[in-house]
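Which chain is which? They are A, B and C, in the order written, and residues in each are numbered from 1.
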Amino acid sequence: MLVHNVLSRRLGVHIAATVFSLGLLTGTCTAQTLRVGSEIPAQLDPAFASSDAEILVLSNVYDYLVDVDAGNQIQPRLAQSWSVSDDSLSWTFTLREGVTFHSGAAFGPDDVVATFERLRDPDADLPTSDLYANLRSVEATGPAQVTFTLAEPNPFFLFDLTDNHAVIIDSEALELGRVFDGTGPFAVSDYAAEDRMTLRANPDHFAGAPGVATLELIFFAEQAAAVSALRGGQLDLVLRMPTPLFQSLEGARGIERHRVATNGFDLIRLRTDRTPGKDPLVVQALKLAVDREAIVEVVTDGLAELGSDTPIGPLYEAYHRAEVAPPARDVDRARELLAEAGYGDGLELVLHVPDSGDRPDLAVVLKEQLEQAGFEIELRLQPESVYYGDGGWLDVDFGITGWGSRPVPQFYFETMIACGAVWNEAHYCDPDVDALIELAGSTPSENERAAAYAELQRILASEGPYVIPYFFPQFAALRDTFTGLELKAFPGRTDLAAIRPR
Amino acid sequence: MTSSPPRPSRLDGARRVFGELYARPTSAIGTTLVAVFLLLAALGPALVPYGPTEQLLAERSQAPNAAHLFGTDRLGRDVFSRVVAGARDILLLAGGGTFVAVVLGTWTGLFAATLGGWWEEITFRLYDALLAMPALLLALLLLGTLGPSRGSVLGVIALAYTPIVARVVRSVVLSVKTREWVAAARLQGESLAWIAGREILPSVLPALAVESALRFAYAIFLVASLGFLGVGVQPPAPDWGLMVAEARDHVYLTPWSLFFPAAAISLLVISVNLAADGLGRALRSGTR
Amino acid sequence: MSVLRPPAASRDGLDVRGLSVAYGRGPDSVAAVRDVDLHVPPGSTVGLVGESGSGKTTLALAVLRALPAGARIGPGRVTLDGDDVLAMQPEELRAYWRTRVALVPQDPLPSMNPSHPVGRQLAESLQPDRPGQADRDEIDDMLDSVGIGDPRRIRRSYPFELSGGQQQRVMIAMALLGRPELLVMDEPTSNLDVTTEAAILELVRERVRGTGTAVLYVSHSLAVVASLCDQVVVLYAGELVERAPVEPLYRQPLHPYTIGLLDSVPRIGRSKRQAPLRPIPGRIPSAAERPAGCIFAARCPAVEDACRAQRPGMDAAGEDHAVACRRWQEIVAGTIDARQPAPPSFHDDDGADTVVLRAERIDKRFTVRRSVVDRLLRRPGSEVHALRRVDLQLRHGRTLGLVGESGSGKSTFARAVVGLEPADAGRFTFLGDPLDRRVERRSRDQVRRLQMVFQSSDEALSPQRSVGATLRRALVRLAGTDRSAAGEAVATLLESVALTPDYAERRPGELSGGEKQRVAIARAFASGAEAILFDESVSGLDVSVQAAVLNLLDRLQREHDASYLFISHDLAVVAHLADDVAVLYLGQVMESGPAGHVLARPYHPYTEALLAAVPRPDPSAGPAREPLAGELPDPRQVAAGCPFATRCPRVLGPVCHEQAPPQQLSADGDHRIRCHIEPAELERLQAPLMGEEPG
């Protein structure tokens, strides 16, 4: 009897799988299915999400209070409207009504409170603990109203609420990361870890029914494999890929390429709290040795925007100062500086590089350039999990790190550059810089803020221990039987519900 | 018991081996190709037009042409020069590792097997434990701790293959140990070192030669695999495995930057295998 | 039976005319058989005798058309019952092999399919087309007639489960079941123990002869062939030298080679003192060396110039007696002596009584390794008690012959004496001093003085070292010879074993078996040994070579005043060479004493059986008695009591099985017999086995 059950279950699964794969192969099981290639999410608890793949799942299964659109403007989502008190310390949000979670539970202020209480818990060591440290309290102040009270004014507060982790969860949610119950445009119907996730459309979503009935997220360990699957007709959409793969899709039949400029960059940094980075001469030599234009040309095929060693890119139109630039390349001068610093015979450095994206190629080109200026570079490529795991990237003397795009530049300063910041990998500490960051982050005056950012850009471009050669674009490729893709600078935040068959 | 055959000359032995190597087309091809690779490795880097890490930014992603026989990769490096330079690298690493493995394996295997008893038990149980782990896994573990470098890759190859060599040596020793000339040596009061080195070892050499050649082939493959996985030699070294890994993403744009290093790996491994085959046949036909 | 077989009346048997067989092609071809004539009438047995290189196996295989690739049958004609064998086409050939001929080879095991039970293979012989329908009763009858005790069990067994003797019996059964016209037996008893061999020979005599089958019996042993065959054909280096009915051949051999052979075979009853062996000098020419004249000219004592110039034809020398010698008439007349010269006999009974080597209560057991499961379940491991409290003494200047069949423990004993495989208990005393059980722990002096010559000459010398280097090493290492003097010492050594000094440059691979054995002997003497063990050292050699080596050993013993412990399964060789004899059975010394006493009555029942079993080169001798029944018991399961009790024809009763027999001292004093029967009683019961010549 048991055998019979097992057999029939097995049989059923086999039949289903066959039909399923056939459907996948032909791609026309229903034009109502969108198959998206993605990297493998490690875990799906919103509070701990970090990779793009994880964010992709979360942003389509859950909703944010407010979101950033392609033009960097704040849009209402679960919060319909808001007001801020005169002292800029209290923010009151009116919530959308009639919204339900996929399980059927009603959405209300308790859920918002629960979400943020969780995210700002100072005892739990969360990525958002620092971000929401400024929150004094979150309270339900009405049947559809929530009030946030801050300790200090924060002009970017709304942007803070769009943080990747801040999806609204059910106050009674259990087993986050394994049971998915959100308010978003798609509900999870099946999740096979490391293989694929199947989602069905939520027709009652407040923004309207999604463009497709079913969403398939298929996980790939390598982007090259995903792109091959796209070419072969097993996928409809791939949201991230390195430059060569994007270039190789040029002219591919039935595939539409998409590209969006972002503020994401690859950061080359020298640790400044110990030798050799401690010596400003060395930092100068580094800056002088790099040929940023060549890097843009060779590594990104000219598709990226030129960088100036500051995290404020052209995307921040209000703050970007195009005239600020790092010193022009001067290999001889670099050699002199190194000799002065006592490295006349060459400065040996080990460059640690995560082996994803364009960074390996960047490393090789960089090594070539630096060695012309008297550096001796040894490359050490590591898998991302190793480089980012256990804080390795925060310890090494010389490394390349990838930083994703953010809606506002303040994020970079507070997490990367401020003295003692959680992700200050260069261990950079300058009280003047800190003062400027503080000012930019608190002042209500846009002019003051812009001035502070301008000064910061000048300092970093001329003497900061950072080399930022470019701001990379994001690439996506979509089968031309679909339309409606609006690629976001942080690709995981792309709204998949907007995609529909042509 | 036949009557005495006429005396063969000493040169006949070497000539015979050589002849046997070229007797069949497969081993002839293999041997010749291996010789070509060795020649390339020795002389190549001096003769190629470009340096292996030289980035000619104006000539990136070129298909094979007159100036660049194997084309250029995305960073403007001449693929032909890289393949030739990589030959030296891989042959030295694989060869060095194999050499160490053969020396260590023969030394430990010979003495442990000749001594017998507890020595033999302990040594070979230890080697069995090492053998239980796949070579690649062992390599990854070690390189993770030691850090990737040429030296650690060589050490890893030696560690992975010493047990196998010891085992081969042991099997021959066990069959030779009971021969009467060994007993006669014992009766003459010869020391263990003499018996192992002068009585038993010469009988081991033919099998050892063939096994060494085979190990060499495996070592080449292992070095390439480690390079491919990124735990071997680091960029921008012209390691063939590394070149294949780097070219993976660019296979649609610059397929030649993947094809030629991959073809080089396959060709070298196959050639060494074929040559080892021929060598085995040659040595076998010589004994009795 | 679907094959065409001529009715019995018109059967002519096997007829071979002018047959030649060569290996290889063109200028490299070597003739293994040259121009041989042979006739085997149906129902008779012809013995084909020759040493190595004689071509006897090639001839036998040629007749069967079973030669390996690379062999070409040259001119000649072979017919079986009138049918031309050499002209047979594949179809006919298949039928030929299946039903008309049969082969009993030297080693039966490779001829049997290891994955089929024996019964099935027997059925295939009986009914080649439909083995499933073979008559089981007929198979059982045949098995019974070849002496297999439990036919049903044997039928179900696999070949490897049978003992050597049983395998050979099965092979004979398979051959006979097919009722062939021609049966070729190629040394079927060479790998068997003496007692088993006797039983098989008896079987051939009784069951095979007289069935109407033509039997060609190939052997290197004149002794075996004498008792078995109607006619004997002697081959030398591929050529037929003499052909005669068995009586005339042994009574009056005509060809100098045949004469030489008969003179070099050791016989029981003739010791070295009475009748030294007369070996044939020189060596058998290799297949590549073919002189123009008589093939035997280089070694013939009666050679003259005409012999060297032209090859002699086969002359008829009597009824059915043909010989290829031009001087045979002179030999018959006695005007020339065609015998090889006798070596000087130099034996003095110095009667030295000092004991050079004494073994006391030597005991050794081998435990079969137990598996982990056995150990867990505490099952006792099986154990082979190889040596049971063996006591032996080797006296100065004398040769002690140690005789035993397989499983007797003689090799184990030898290795224990020299310390290669230490004994478990007991004591060795050498020249008055105790010997450590392990060779590694003995003093250099002791090691030097006690040496061993091994059995297999193929492996006794290190293949990668030249002869000279091997001898030099022994000289320098053990005898302490100075390196500069070593070269000369090597030359002297080589000469002492009748080899020229240029042998020093050669490697073992270039030497013949006899030459290698001489080098091994030289090595043993190189160290200046006083006591030398010989473990089956002449067992693998051709008769003529063996005789020369035995004489050499004798001479060296005199020259060096050495003492020998000579181990062999060949009782005839031991009888020739030994001054004292000890007989081993399953690890126990059954009888020991001076050779003259052991080989005369009273005999221990086992010695009696051994002596009776040894084939003699004398057709009139006939089978002395019933060969020993049963097989050598499994050495792991020997009960208390006398180990021979299971097979002893004189077993008294339960006492033999339950109680260990006492050591009886015979009236002669030095002669010990381990038996429950009193020596006087034995003497009364037993008939003399040694013929007219008393010990």
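Operating definition for what follows: a residue touches a chain if its C-beta (ideal position, glycine included) is under 8 Å from a C-beta of that chain, and two chains touch if they have at least 3 such contacts.
The structure displayed is predicted, hence computed values, not measured ones.
S.K.: In terms of C-beta pairs in contact, which two chains are most connected?
M.R.: After counting contacts between each pair of chains, the winner is B-C.
S.K.: Starting from the Cα centroid of chain B, hunt down the chain whose centroid lies farthest away.
M.R.: C
S.K.: Most central chain by CA mean?
M.R.: Measuring from the global C-alpha mean, the nearest chain centre belongs to B.
S.K.: Which integer distance in Å separates the CA centroid of chain A from that of chain B?
M.R.: Centre separation, chain A to chain B: 46 Å.
S.K.: For chain A and chain C, let me know how many angstrom lie between their CA-based centres, rounded off.
M.R.: Computed value for the inter-centroid distance: 91 Å.
S.K.: Which chain C residues qualify as touching chain B in the complex?
M.R.: Its residues touching chain B are 52-53, 283-286, 288, 415, 418-420, 439-440, 444, 447-448, 451-452, 454-456, 459-464, 473-474, 477-478, 506, 509-515, 520, 523, 527, 540-542, 545.
S.K.: Taking the complex as given, what residues does chain B use to touch chain C?
M.R.: Going through chain B, the ones touching chain C are 1-8, 179-181, 183-190, 199, 202-203, 288.
S.K.: In their shared complex, at which residues does chain B touch chain A?
M.R.: Listed in rising order, the residues are 53, 55, 57, 60, 74-76, 147-148, 230, 234-236, 246, 248-253.
S.K.: What residues of chain A sit close enough to touch chain B in their complex?
M.R.: Where chain A meets chain B, its residues are 223-224, 242, 244-245, 247-249, 294, 297-298, 355, 360-361, 363-365, 367-368, 378-383.
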